[in-house]
Structure formats: C-alpha cells, structure tokens
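Here is the structure we will look at, set down as structure tokens.
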Amino acid sequence: MKQYTGVTRRRVAQLALTGSAGLLLPWVRRGSAAEPIKIGAPLALTGPLGSVGQQLKRGCELWIKTQNSKGGLLGREIKLLLEDTGGNPADAVRKAQEMVERDGCNIFTGITLSSEALAVVPKLDEWNAIFISSDNGDGRLTAESFVPNFFRANISAPMGARAVSLFLRSAEFKNFYAIGMDYAWGRNSVAVFESEMKAAKKNFVGSVFSPIGTKDFSTYITKIRQSGADACFVTMAGDDYNAFLSQAGQYRLPEKVQLLSEVIDLTVPRAVGDAAVGLISSMRYCFRFDNPKNKEFVALWSKEYGTVPDNNEGEQWQALQILAAGVEKAKSTETKGLRDALETVEIDDIKGHVAIRKCDHQAVQSGQVVKLAKAEGFDYPVPQIIATFPGDKTAPACKKMTYED
Amino acid sequence: MPLYAFLVVQSVNALSQAALLFFLGVGLTLIFGIMRIVNFAHGAFYMLGAFIGYSAVRLTGSFWLALALAPLAVGVVGALFEFGILRRLYRRDESAFLMVTFGLALVMTELIRLGWGPEALQVAPPPVFSGIVMLMDEPFPTYRLFLAGAGIVVALAIWQFLERTRLGLLIRATSQNAEMVHALGTDVNLVRSTVFGIGCGLAGVGGVFAAPLVTASIGMSATMIIDAFVIVIIGGMGSFPGSLLGAVLVAFVQVFGEYYLPDLALALMYLIMLAVLVFRPGGLLGKEA
Amino acid sequence: MRDLRGVCGAAVLLALAPLALPTYGMTLLTEALILGLLAMSLDLMVGYTRLVSFGHAAAYGFGAYASGWLLLHTSLPMLAAIPIAALLAGFIAIGVAWICTQASGVAFSMLTLAFAQLLYAVAYKLTSVTGGSDGLAGIPRRPGPLGLHVFVTRNGFYYLVVIVLVAAFVFCRALVRSPFGAVLRGIRENEAKTVALGYNTRLYKIAIVAMSYGLGALAGALYAPFAGFANTELLFWLLSGQVLIMVIVGGSGTLIGPILGAAFFLTVQHQLSNYTEAWALFFGLIFMAFVMFAPEGIWGLLRARFRRNSVLPEYRSDVAGAR
Amino acid sequence: MTLLALDDLTRRFGGLVAVDGVSMRVEEGEVRAIIGPNGAGKSTLFNLITGVLKPTRGSVSFAGESVTGLSVPRRCQRGMARTFQLTALFPEMSARDNVRLAAQARERRRWQWYGGGAVFRDAGGRADAALGQLGLSAIADRPAGLLSHGDQRLLEVAMALAQEPRLLLLDEPTQGLSVQETEQAVATLSRLLAESRLTVLLVEHDMEVVFRLAHRITVLHRGAVIADGPPDAVKQDPGVQAAYLGGFA
C-alpha cells in the first residue's frame, strides 16, 4: 500500500483555511480612548434594502464629521459604530447586542427595516439603551409596540398617509383604489388610507396586495384600470416599486389614473426615469425645503457627496440633531437622564420646528406633499413641494395609528 | 372590459412573462440535462445579463447592441467558470456542483453590487418598442408583444440549433452518453464549456429582456433562481420542450392565479411543483428518473 | 471509547466558557451551538444517508414559530414549549418525508425546497398565527415548572443549549452506530443494493428525515426564546443553503463536523462583516475553496493532522457498482 | 418439494415480448442454470423472479406461496438472495461490513436504533463464516472498493450467503473475470454448492461454468423455453444447437 503523500491541493486548502481562520480574531476589547460618545448604527448595508442602508450611513458619517469639527458633544468626540445586518432581524439583534456588551454603546440609530426595529425594540430595556429611529415607518413602534427607550425622529407611515389624505380632501379626485405589498407595512398603510378616504367621504373602490418579489404587475395594473378609479394609492418599496412604476408607465396608466404614494425617495425616479413623472407622494424630507438651515445643509451635502440629500439622508440628519439637543440638555449620555431630556426636546432645523411628543416619543413635524416633475439640472424627475400641513394635523393621537376626524 | 377581451389581454401578458421565464429555464435545463449540474448561480448570471445590458445600453446607446453583447459576455463568464472550476469536480458527486455554484452565486452578487452599486438601474426599452398599441381597446405596451414574439423566435432557434446543427447533435449526444462521445474523439470538455456558456448566455438574454420591465437590481437573482428551478422541475430536468411547457404553465398560473386567487398567489407555483414531483418525479416531459 | 472521552472533554470545555468569554462572546457562542444542533440534524440526512435537503430552514423556522407561539399564547413554561414544538415538527415531518422520499436525487432536494417555500408562503399569509412578515416578537423565557428559574438567565439559557446539544449529539452518535445507522450507511453508498438485501429503504429514509426535521425544529424551538422573536427570515431558502454550507464546510457524515461548521460560519460571517461590507464575497470564496480543496471539511482536516502518519486509503467512491 | 414455480410468466416492453409464457419448476437443493443467446430474456426473467420487474401476465410462487405482487425486500425476507450482473457493493465499507449488513437483514432487531451490540455480534459471526466459505477472510478489513474484480464478485456471493437464503440467484457470477479468475471462482462455487446443498438459480454465458455447476439447464430463446433437462441431454438437443450453440462438437 503506497504511503499516502499529502496531495499539493491539500496544502493549498490548509493555507487558505488558516488564512481565513486568522480572521477569527479573539474578541479583543476595542481600546477606549478619552471615553468618546459611541453611537451604534447596525445598518442594512447589503441585501434588498442595501441602498437605504447606504443612505443612512452617509447621513450618519457626514453629521458626525461636521459635529466633531465643532468639538463633538459635551466636549467629547463622537464615534460611529457601523455594522452590516444585511436586512436580517437576527443579525440586527446580534450586532446591536455586541455593540452594547463589547463597546458599551447605549445609543442606537439607523436600524433600516421595520422588521429589524420590531426585533430590537423589546431588547432596549434589557440593554438599557436608547434607539432613535430615523427611517422606520411602522405605526406600531409608537403604538402597541412602544417602549420608553424608543424615540422616532422620522415621519411615520400613518403620518405620511395622513398628509396625502389631507391633500386629497381638497383635490378633485373622486374614486380611489389602493395597491400595497403584501406584508405588514403595506397592509397597515392601505388600511390607514382607506379609513381616511371614508372619513373624507370619498369613494374608496377597493384594494389589492401583491406578494413580495412580484416581477410582472400586468394583472394588478389591469385591476387598477378596471376599477374605474381616477387615483390609486401605492404602498411599495424597493424592487417591487421600481417594477410597478416602470410597467405602469409602459401601460400609460398614469395618464388615466393619478398615482399617489405614502413615501418616496430619489432612488425611485433615478431607477424608473420618466415613468415617475406626475407621481404625488408625501415625502419625509425634501431638499427643496426653503429655510436657511436646510439650504446650508443641502450645500454642505452637495459639497461632500456631489448630489442633493435624499429622503432618508435628511431624516437621519434630523434624528442626530434631535439626539444632540437631548444630550446637551441632559448634560450626559447616561440612558435615564438622556431619555428624560429627549422627551421634551424641541429643535428648529432643516425641516423647521420639530418637537418630541412626551407621551409616545413621536417627533411631531410638518407633513409635506410633493409632485415629481422634470427639472433642469436633473436627469431624472425631482419632487416639487405642492402642499404642507402643520405637525399637529398630521400626527395621530398619542399611541394611536389612526385619526378621529 | 368584457371577459373575452380580458382573457385575450391577460393571455398575451402571460406569454410575455412566459418568454422571460423560458430564457431562464432553458439555460438551466440545458446545463442540467447535459452536465447533470444543478446550477445554483443561474439567477446570478441572469442578473449579470441585466447589469451588463444596462452598461451596454449606456455605452452604445442601442438596446439591440446590448441584446447582442450582454449574453455573449455572460456566456464567456460562464464558460470560464466551467473551465476553471467545475472541470475539476466532475469526479465528485452532484452535491459538489450544487455547493460550488451556491458559493459562486454569493460571489457574483457581491461583485455586481461592488461594480454597479446597490441602487436599481434603469434600462429603457428600445424606442421602436416603447409605445403602446390598442388591444381590445385597452392600451397595451408594444414591448410585451415584442417579448412574447422574441420568446417564440428564440425557442424555435434553439430547437433548430439542437436538431439541425452539428454542435446541437453533439450536445444531445453528450447528454445521453458523455463517455461514448469522448471515445468517438470529441473533446467533451470543450462541449461542456460551450454548453455551460450557452446556458449562462441564455440566462443573460433573459436578464437583458427583463431589465426594462423590472430594472436591473441586486434582488433579481434571489427571486429568479427559485422560479427557474420550478420551471425546469415541472417541465422535466434536461428536457428542452419541458422548459418551454414549464415556462408557459407557470406564467399562466401566475398571471391568472394572481387575479382570481390573490391570497394563494405566493404558494401556487410550489403547489404545482409538488403535484408534478409526486406524480411524475421526472417532470411532465422529462425522462423517467 | 475514545470518542466518549472526547464528548466529555468538549462538554467540560463548553461548561467553562462563561468564565472565559465576555458576554457578547457568550451570545455568539449560544447562537453557534443552536445552529450547530441544526447543522448536525441536517447531517443525519446529508452525511449519513445522502439525502440532500434544500428545505431544512422549514424545520428550524417551524420549530421557532411553534415554540414562540406556545410561549406567547399559552402559559406553558419554556422547558415544555421547546420539546412540544420539536415533537410536533417531527410528527408532521413524517408526512412531508413520505411525499419527499417518493423521489430521489435532485427531485428529492426540489421537493424539500418546495415544502419549505410553501411554509414560507403560509407564514407570510397566516398573519393571525405567525404575525405575517414581522413574525412573532417579544417571546418570553417563561420559567420552568415548579418555579425552576435557572434556565431563564443568559448563562442559564446557555447551559440549557449545551445540555440539549450534548444530549442530541449522544443520541445521534448512538443512532448512526446502531443497526439502524448501518442500514443508513448502506443507503448512502448503494441504495439499490440495500433494497436487494431485503431492507425497505423507504421506511428508513422516512424515519431519518422525520428525526432530522425534529432535531432541526428543536434547534428552532431553542432559538425563539433565545432571540426573543421568530420571523419569516428563519424560513427563507437562503438559510437552507447556509445550513448546507455549515454541514459541508464542517465535514459531512461526522456529526462533529457540522457543529464546527456552524461555529465557523457564524464567527466568520460575524467577524468578516465588521471589516468589510463585501463580506459575502469573501464568504463565497472561502466556501468554494472548501468544496474544491477540502471536501472532508474542517473536521476532516483536523483529523488528518492528528493522524499525520496513518495510511489514509485514497479510495475512489465511484468504483464499480457504487451509486 | 418445489421451491420456485413460474407459471406462464410474461413481460412485454411496449411491442417487444422479453419473456414469453415461461413456466418452470426449481426443486429444493437443485442447481438450475438458465442459458440463452444475448437478448434471450435471461436478465428480464431474473428481474421478474426477484421482484425488480412486475410481470404483464403469469405468476411467481416461492415455497408454495405466490409472491407475484411482493416488493423486492419482502421477497428477500422470504428467503431469496441475489447477486448483480454489474457488481453492486458498498465501496467505502470494509468487506466484512458489507457482508455484516447483508447478514443483519435477517435479524429481527435490524431496526434497533440504539446499542446493537448483540445484533452486530450475531451478524458479524455469520459474516465471518460466509467470508470464510468464500475464502475472503484475508481481505475482510479492506474497503470493498479496493478489492480486485474477482474478489468483488465473490464478496457479492458471500453477502448473498450471509442472508441465509433458501434460493440463491447468481446473475452471471464469472462475467468480466479473467480465465484464471474464472477458474478460481468456479472451483470455490462448486465446493460451496456441494457443501451447502443450497438451491441455486444461475444465469451464465460461459458453457464451461454451466456444465460444471448446474444439475439441470433451461434454455431460453427469444423469451421462451426451448429446452429443459440435464446438461448432456441439453447439449445434444438439435433445437438448442441450432438456436444457440452452433453445433457442439
């Protein structure tokens, strides 16, 4: 029996594996300099909503760079703990927990998907950490899933739908249809919109839900056209939204039915081009806000990234501004003190006057409705603000997701 | 819209959707039929076709050039992968291919994300087919008619290629008995690389055609790979007419299923697949396993 | 007997871990052991019976949802909910296995994939039970019967996972070395011959698939109270692919291999994503390297190093008659 | 006592009639050979007897009971054991483990999913006995995949023996062996058959082997029995010569 000689490919395998094993660095404790303020950002940098995560990342990085150039907060430097969750709730919880336990971080922001937020929020008390949402729209985070350590700086999905419905009260559309992605956010938003239309005595003809990952929307476009509605509320995101809009454009649906949406960001018109022209939507942050703080912010952003700030980028900036106000008010970053301070924070920033509501930690802020149109200087349709509604009209009652009037 | 008009419109829709699914399925079934390889990266080649199509349209300004170049490029990438990696695994059992193509899918998705960025990219349909035509007095995009037509043309082309040409004959022979073909002096490895290249190229064609409908996006490969497997399983692993039948069946069930049974839409495909696998494990037109 | 010493040694090592590792290291280790149990359960099928399942996430997800639902909607303690969820899954898996084993080879894999995708679709639609796309959140670790609190804390739960994993390992080791296991090995190497010897191989396959799904669901049932939630991500086919990676990278057909594979997978994924956003790229490359250059996996490499001088017959498994 | 009885056994594949109304009886303790030119339906008949194929018409009865509808494993449990034309083994298992798994098939507690010490001891004992009978004890520990072609053929016979069959079905045991290996195999087989008084049904091409081993020969031609009787009677039968042997000297 010949002596078994190590096959060369085996040597190669062992080198590759020891190399990769080298990555399994022991859990070295990160050096703690003069106690910087750590802000944890477990973002979905990859996966289906990777583009949203990248936006939130840019928002955090620019804010921290600007803030540190102005001496940080309470004289302490701010440090961003960035991790990629791939949009998976299990990874989000694990990464956040690691930031709490390894880096002693007690402030989170930028968690990208609502499903990730809903998985992290119940853990905040155990971790004794605060989470300021800049992107999660799910109404339940400030309703039945509310926890004291959670704050929402961004406009919620119900508030977005509310702004659109307030706009529609004075608009000339008669019959409304709705289409949403068949999961929690899609269903909740369409429900809010439906109750709003009925409250406004408009004719709501029906709704349909498409499974996630639908590629051919011809059936749904046919249903919308057959419904006889003259306006259709669309609650979609990511690939599905792009596919729906480009196919609706090819069917010339927008010529017959005004498309309405509860939230929009610039990635959509960039992806579908002219098919987005004429779309009316509520927008959480629009670079067209004409107040001095926003103009300064847009200039700073364009210098840094060469484009105008998008919807989520503006929201992330505002969330961190609110955090800064809370920290300065509490004179510390300790959880209890910061929470109490944040509950009464009010700022005048890129979106005008914004105040945190004590009872459910929702940032009450103006709601704006935009319409996408061609504009010189942009090779894709950009939003024009066509209506603004004050915060108290768009915010739902405390810990509620629906509206009475 | 009267019922018969609705049925006609939806049938044409289903045909255009079947064309996309066919491009994906035929490539996969060609690869499995000839080389017994379950190509888990097939969705990634489909996505690569869409992204290369996007870049080609931007560079050359013409959808048609992109339609010619992208599949070629994807086919070359596929052939190189077969030559470099799969060739070493032929003496291993089938799970080795499954694993290595699963790894490739991860690698390709990341490379595309690094190359083209995380955002979805727009690919406009060719000008001549970006209008509408009145079908049953309802506007109907001409691009979908073109897609349905293209599907039929490509199906015929592949059928003729396999039946009439020497390479087609070689491919069919290799699928039946690779050793014998090798014994007859043909370089089977070359045939295998070509087949793998053609299979991936076909997926690339699917990608280029799909981009105007769904935009070129990172999420494409994950969803499409499951559809591809469903089609090939229903039609019969390795059976060319099977992939055609599978594509048409799945498309019609999806289009009409979503309309009449919206709640079941997500599960419909898998119920069919289960039914077929239980009663005819080899697939409707497949060789009995 | 040598193995038994190995098992005890490993158990002691794991028992001491809470003293050595920082808390987030413990969290990662706990999840690694849970995934190890899942990978080991799949190895019963892939490694010992050559039944390549594409749908093992179905077992994991079902177990998580079942135990999560029981903990949320009934007053059952955690120590009751977990075994019930696993047994329920194992029982249902008999039906699934009966259908899947009608086919073999790639068709079998596709059937398991179809079932997993069906369960994924059901989990999405049945919002009243599964909470739809957001799944079940806030799953409590309700203390055990007679006020047994010990397993509720972080380290307590870790010890529960260690106990369950070691018990499952001993069970599986006994199983694969039993007469039943010998028949499985026959099925793996040449099923037609095993039939010709007089074994009704279909019944054996149904039994091993049911046990494998049951143990997989046990891992899922542990995960729900560990993470506090259960959602459709646990049923997605990507997880089935990842578990298959853990088995192959760890070393299939060894029980220990997949456990190491799971730990390796989770740690590399966790660490890599700290350093680069393109962690999936390196991950794919590492995995392809394993498949091509180290088919026997981590455990195979380790064993080869221990027995450096021994004669390892390089037999080719495709010699006459096999397969 | 008749151990195996075939009555009007027929199997059609579409238009082709592979086995055409075969009726034959095999007595206990007899070594019966089935010969015939290529495509005479020998293998199909073999598969009909062992249950791999279901007949289009006719019946198979074993030890007085009809087994026509039974599956392969059930027929094995009743006492049939076979070898394959293309050697079928467990390549990565040792020769002893191969035979032990065959022996285990007869154990009542073959299902046992724990321990199994007793089951393995019994089966192991019978395995070693079978290996000894076939002269394979020396290579008992080597993986079956590494054995010579001749040893592999004999190993398959050992596995069939370990099943303690009432009827041993040998599908061309010397096929693919060199002259020298065939000689060695036939010597072992004839010694074995003489000692064990086993009932054997043998399919074989090689006339030397048939005439040295078989008590009685059935000749198949185009799926039908054209002659049946002791070796020398069959050798003289003009019909057989014309159809197959091309005239024996």
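Some points to look at:
First chain written, first letter: the chains are A, B, C and D, and each begins at residue 1.
The definition used in the following text is that a contact is a pair of C-beta atoms (placed from the backbone, for glycine too) under 8 Å apart; a residue touches a chain by one contact, two chains touch by 3 or more.
No experiment lies behind these values; they were computed from the predicted model shown.
Chains that touch both chain B and chain D: C. Chain B and chain C have CA centres that are 32 Å apart. With centres set at the average Cα position, the gap from chain A to chain B is 35 Å. The mean-CA centres of chain C and chain D are about 42 angstrom from one another, to the nearest whole unit.
Residues of chain B found to touch two or more other chains are 110, 113, 266.
Shared contact sites, meaning residues of chain A that touch two or more other chains, fall at 46, 182, 211. The set of chain C residues that touch two or more partner chains comprises 121, 124-125, 280, 292, 313, 316-317.
Per the contact rule defined earlier, chains pair up in contact as A-B, A-C, B-C, C-D. For chain B in complex with chain C, the residues that touch the partner chain are 32, 38, 40, 85, 88-89, 91-96, 98-100, 102-107, 109-111, 113-114, 222, 226, 229-230, 233, 237, 263, 266-267, 270-271, 273-274, 277-278, 281-282, 289. Only residues 21-25, 27-28, 31, 121, 124-125, 127, 132-135, 137-138, 227-229, 231, 233-234, 264, 267-268, 270-275, 277, 279-280, 282, 286, 289-290, 292-294, 298, 301, 304, 310-314 of chain C touch chain A when the two sit together in their complex. Put simply, chain C touches chain D in their complex at residues 174-175, 177-183, 185-186, 189-190, 192-201, 313, 315-317, 319-322. Chain contact summary for the complex, chain A toward chain B: residues 46, 48, 50-51, 53-54, 182, 208-211, 213-216, 218-220, 222-223, 225-226, 238-239, 242-243, 246-247, 250-252, 267, 270-273. Of all residues in chain A, those touching chain C in their complex are 1, 3-4, 9-10, 12-14, 16-17, 20, 23-25, 27, 29, 45-46, 83-84, 86, 88-91, 93-95, 97-98, 100-102, 114-115, 118-119, 121-123, 138, 145, 182-185, 187, 211-212.
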